[in-house]
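Attaching a single structure in structure tokens format; questions to follow.
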């Protein structure tokens, strides 16, 4: 979640961008509907007329990608969106938040997705709610709200989403955004369980690198989702919330999902920490094993080697009977072999008793 | 506590399921009672009539298992239950919560139980309270509320549970649900004490695997029980709580039990962490022991072996009197043996002083 | 603090016990006093009459031990005590709490004491306050409130405790209960300091077992005393508190003592954790020491032994002058000895420089 | 963030300094502007006249460096600034805070910057807001607010900063101060990623020293920025805040930036801790590797050496056929070589199975 | 901070002490002042008259040391001080707190000081504020408030401290007490930096003992200063605070200093923990170094010794050409020496590649 930010001391908002010319090629999807009809058109952002407060229909402006800052600045001014919100849309990587604006709201959330190498990628989703319109802008990547568009089209206008106002559409988009966390949480949970199984089977396939990256990813995920709870809360509980009472009932469910996500992330975090400690324990266990084998081999053979060294000495046995008389006895060698065998067996019994095997 | 969840962007509630046909075979237990009489019947969920607000008796609908979503959706619509609550019932693994609905309440809790291999299994319990009815739906497993049914039948209607309203029955079910935690907490507490004893006796029977699973289980248990406190609180303290003042007095006791459970889980968690540290300490202790034995044996014999090697050299003693004259002395060998013995004893004394034995 | 608890789904309170016959042998101490006189009698619990609201004197019912549940149930009903409170009295190991009842209060606290083997034993103390009576019931063990009885008897009725009402007696009992923590905290603090001293002197007398038990005890103590703060608070701050304004002034001092106890326990906890880390550091230090000795001995003698081995080889010196000519030189042996001495001294200097001694 | 502080018991404020003579050489930059014109002059602090409440223009006094305490004391008295605030300006290293004064405000913040050796240096920034003036005083170092001066000068007075009052300038300075955190956070984030990469490639270039200094720096940064949130909050939320409603809208954005900074620092902190654990794991890994090599070499050769020692013994083979008859067999030597090879291969297979390579 | 405490069940306050005779020798310093004059006398505590509410002057009773309990009890009763406060004065080691009494206040703080051996010693300071008097009692040690007395005497009554009331004197004493923390915090900060530098230079002068004592001291310091924030808060924010509005402005500065102290202690704590981890890392690093040297030496010489052992065997070369023919070759010995050199060099290259040097 590397944030883009303006230079310290720069003017707030996108005033500088207003002086540039917007790109004429940037197109958005415009969906207008009420109970009876639904139209879906694609038109250049530049040609989009200002919203008509008298229009009873709900208009959903869906950005397929992030526009250039000039296009966004001009659009924002035409539609009366707050300059600071425009700045937040462009500077991706913002922390989740909701600003209650007059007759509407502006919400930023961060949606996680798993890359092919199982690492997390956050993408910023911005949603504007106006009296009769909703605007959705997301950073990049695959489309997110297709299923909602499908629900709008389906059933000939009898569904709840068609008969409710812009705030219900806004809630639906928020709910879909929040629910995008669940597959990620589940995939991470599976990943942790896999690592756990591999670690306990001691197959040596779990690398320090994977564990470290997992933990860093979870830190990132956690920091991107914790503020989301506070971002959704004012829509539900603040007096000036633009949501109708009925939609607030649904919104509570959405907030509940977010809290569920947050707690699941906490569980993942604790499990990842447990995994790391398990890794260290397994490593320590193995060091113990290695040390034990070294100790057993060395401890058995070192005394034996002492005796072989002893009888390899060259004291002159001919000078006196005191000098290594064992060498000249009849059964000296087999006796020594028996002694060595006895020492080795004694050691083995000692280690068995100490339960080192 | 793997949660089932709808697809991101899907319609909230069970609208899709409403179009399917409910299974006619699913039966529920219907218990109707007032002070004077009690009837207990089993009937297909499909045939259950809508609740009669004028009925003075209390009706308890007891689901013996989780119904199919179509059955549940139709039942919920007929009984006026909230669509989002129906979705939570089906998608098991929800976090504990209470929704205060008009004239009633909906509470989800998670009940832990120990499997045969001492690992924790969570099951979701959903309770609805209406003006004159209570509905209990649980995930699966052995029946939980038999003792309450028994209390209802016993004593010819004079017990408090028969003379009080639906809210007292609702409280009783909640209290029984919360109390199911105690045996689990106690069993885990015994398990931890057993592991502790084994560890301190160093019998090597405690495995890393067991400790890791214990900790993961406690994380799970804790995350499933902490929110339960917040789930029970609104029933007691919110202005719109459907519980009568008398039942709230009992409810405070139930909340107290939940807090006791939560604190006991915290103690278990701390003890489990302590156990893990103890395990590591014991492991470290053993590595120390192994190292000490290796060091003592090696350190005693390495110098001794040096001397045996020294007198195993083949310098030509005949060429000069400077070359290994010891080999040709009369008492060379016994003198060396005494020297070696002296070195070994010196070492042993040194180690004794260092308190390494 | 193993808690006794009712079976999940069982009826709250002690209704079942009401059907049993109370034991006639259980006696309690009854102390009645006002400014002018004080009577102290012992009578069977069964024969104790119900409290007389018109009695101006203060009555203190002091239970010398835990009664059987039937006796307690009958007594509770006769005296109008709440059924749930009776259940908490019997099921020892409850978490500390206060219930404000009409015209009175019910407080549970846990009092720690040190066993002979320095481990902590918690005992439950239950106190009831009525309009003109106080009831004290404790789990078992030596009497706790003798000094208060003495203060009641002393001074011919002029002391503050005789001239004040039942709430002052109630406060005095609470204060004495809380103050029982101080000697335990002090003993533990001394114990930790002793362990610390022993550890730093490395006398090997501190066992893993002692450290682990200390930590577990502190977890227990902490969990039993933290809720006590919340248990005492409503007596001071709740609007319906039965304490008079004057007694609340004293009560604040009592709450202050409890907070002091709690903070002292936190300090003990942190010190115990520090002690455990110290133990691990000392262990690691010793392993380092052991390794150093091994390394020094082995590293000095291994190269020396290589040279003795070298000149122990049997290459035929007679076949060519290339084969081990050193063996046949005049000063070969003393030269080698000097070389070996040189190597050993070099090593020692190297280790001295590395500061390994 | 070493704080300068007055001696315990000394008089609060700068009364003592009032008796000294201010340095006449200390100059400040004075910027006066309204919609229509802007003047920028440099004059000695001593000659600066008291503020004129009737002046409709906004005056910005910009201190290029920290003045001597006498100059500051006299200036503060002339301009009616609070004595305690003057003391805080001089005693650098104060914790961030805001004091709402009558008709104005006084804010202290700490701005981090990276030294050449990547270590953090904090500098104190003090901002005063009056009815029609703003004063900015910073500890030392390069100028911070040049871009804001540029914005004031640019565009002939049509920019928002020229048409708004002193509170907007005050907000702009605060915002620029807060935004100075972003480059530091980003540089530290890059630094941590670099260290991480180096650690995982095991290039041995990461030193304990660098890790320790990183962590200490982050502790310092965190402690200097956490209170900043509470320092900015009263400007936004307190009833007596001197900011107009419009500027408070911008201020919320500034507070948002601060919270973003704080959360980023938390992520950095967690990553730094993860890095330290990674370092320890990598170290442990390497110790394991070293031990394995030692064990493998020693364990293979120790038994082999035993056999060579065995057949180096000097038992007299001529005395009896029991004494080392192997030495006199025809294929004794090649048979032994085969045996040794067999033992070595067996060891290697054993270690391969244990996956120690 | 070992606390003195009354016996559990003992009467609150100092009633028992009232019956003893106060020591006539205990003298206090009495300072009376208003704008115009200041008198400073020393008189026996016993002879001190009760305060005169009509006296317009401010009286400061300064205790040079802790009186005996009888003197204090009599004095407290004569001056109308609360019995529980008297008890807290005598039982030193109390946690910091403020009691707002009618028309006054009672504050306890703990002042740290460094002993000669750099360990922390806490001393209790008690301050009473009455309508026109202030009483300061401290545990023992060097005088603390000399600088304030000096400020009172100086300047002929024109200073703020002489023209303000008793509450300003009370604030000044509190502020001086809080400011006594700064030198201690600074000294500890220097001490930690010194230890850090020594550790990183690996001079072996940092002992486990010093680190452990540092940490314990910081725990103590932290526990003694955290409650001070809550102790000062009611003087500022409570409705019944006896401080005038002007003095509260100064009091906020004092509270700010306390919070600065608390945060500095947190930083110290974190740095001390980091230091301990650094110590362990350095220790681990050294163990690694030791192990590496052992491994390198052993791993190089063990194979070499094998070969010398091999050619030290006594197989009879005369019996067959299969038995150790190498011994009888012309260049056997130099060839072996070359082989051994090759093996040693190969090992060194291997270790260089593994970067073990």
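The first chain written gets the first letter, and so on, giving A, B, C, D and E; residue counts start at 1 in each chain.
Quick note on the criterion: a residue touches a chain if its C-beta (ideal position, glycine included) is under 8 Å from a C-beta of that chain, and two chains touch if they have at least 3 such contacts.
Note that the coordinates shown come from a computational prediction; the quantities given were computed from them, not determined experimentally.
Undergrad: Hop distance check: subunit B to subunit E, minimum number of steps through touching chains?
TA: Shortest path length, in steps: 2.
Undergrad: Under the document's definition of touching, what chains do subunit B and subunit C have as common neighbours?
TA: Both-contact set = empty.
Undergrad: Under the touch criterion given at the top, what is the topological distance in steps from subunit A to subunit C?
TA: Counted as steps through touching chains, the separation is 2.
Undergrad: What's the distance between the Cα centroids of subunit C and subunit D, rounded to whole Å?
TA: For subunit C versus subunit D, the centre distance works out to 41 Å.
Undergrad: Centre to centre, by mean C-alpha position, how many angstrom separate subunit D and subunit E?
TA: So the centroids are 25 Å from each other.
Undergrad: For subunit E, jot down the residues that touch at least 2 other chains.
TA: Residues 284, 287, 291, 294, 298, 302, 305, 309, 312-314, 324 of subunit E touch two or more partner chains.
Undergrad: Follow the ring of contacts from subunit B, passing to subunit C on the first step, and record the chains in turn.
TA: One full turn from subunit B through subunit C gives B, C, E, D, A.
Undergrad: Help me check something: in the complex, which residues belonging to subunit D touch subunit A?
TA: Residues 144-148, 151, 159-161, 172, 175-177, 179-180, 182-183, 186, 189, 196, 200, 249-250, 252-253, 256-257, 259-260, 263-264, 266-267, 270-271, 274, 277-278, 281-282, 284-285, 287-288, 291-292, 294-295, 298-299, 302-303, 305-306, 309-310, 312-316, 319-320, 322-324, 354-356 of subunit D touch subunit A in their complex.
Undergrad: For the complex, give me every residue of subunit E touching subunit C.
TA: 1-3, 5-12, 15, 82, 84, 94-95, 97, 99, 204, 208-209, 212, 215-216, 219-220, 223, 227, 276, 279-280, 283-284, 286-287, 289-291, 293-294, 297-298, 301-302, 304-305, 308-309, 311-314, 317, 324, 326-334, 336
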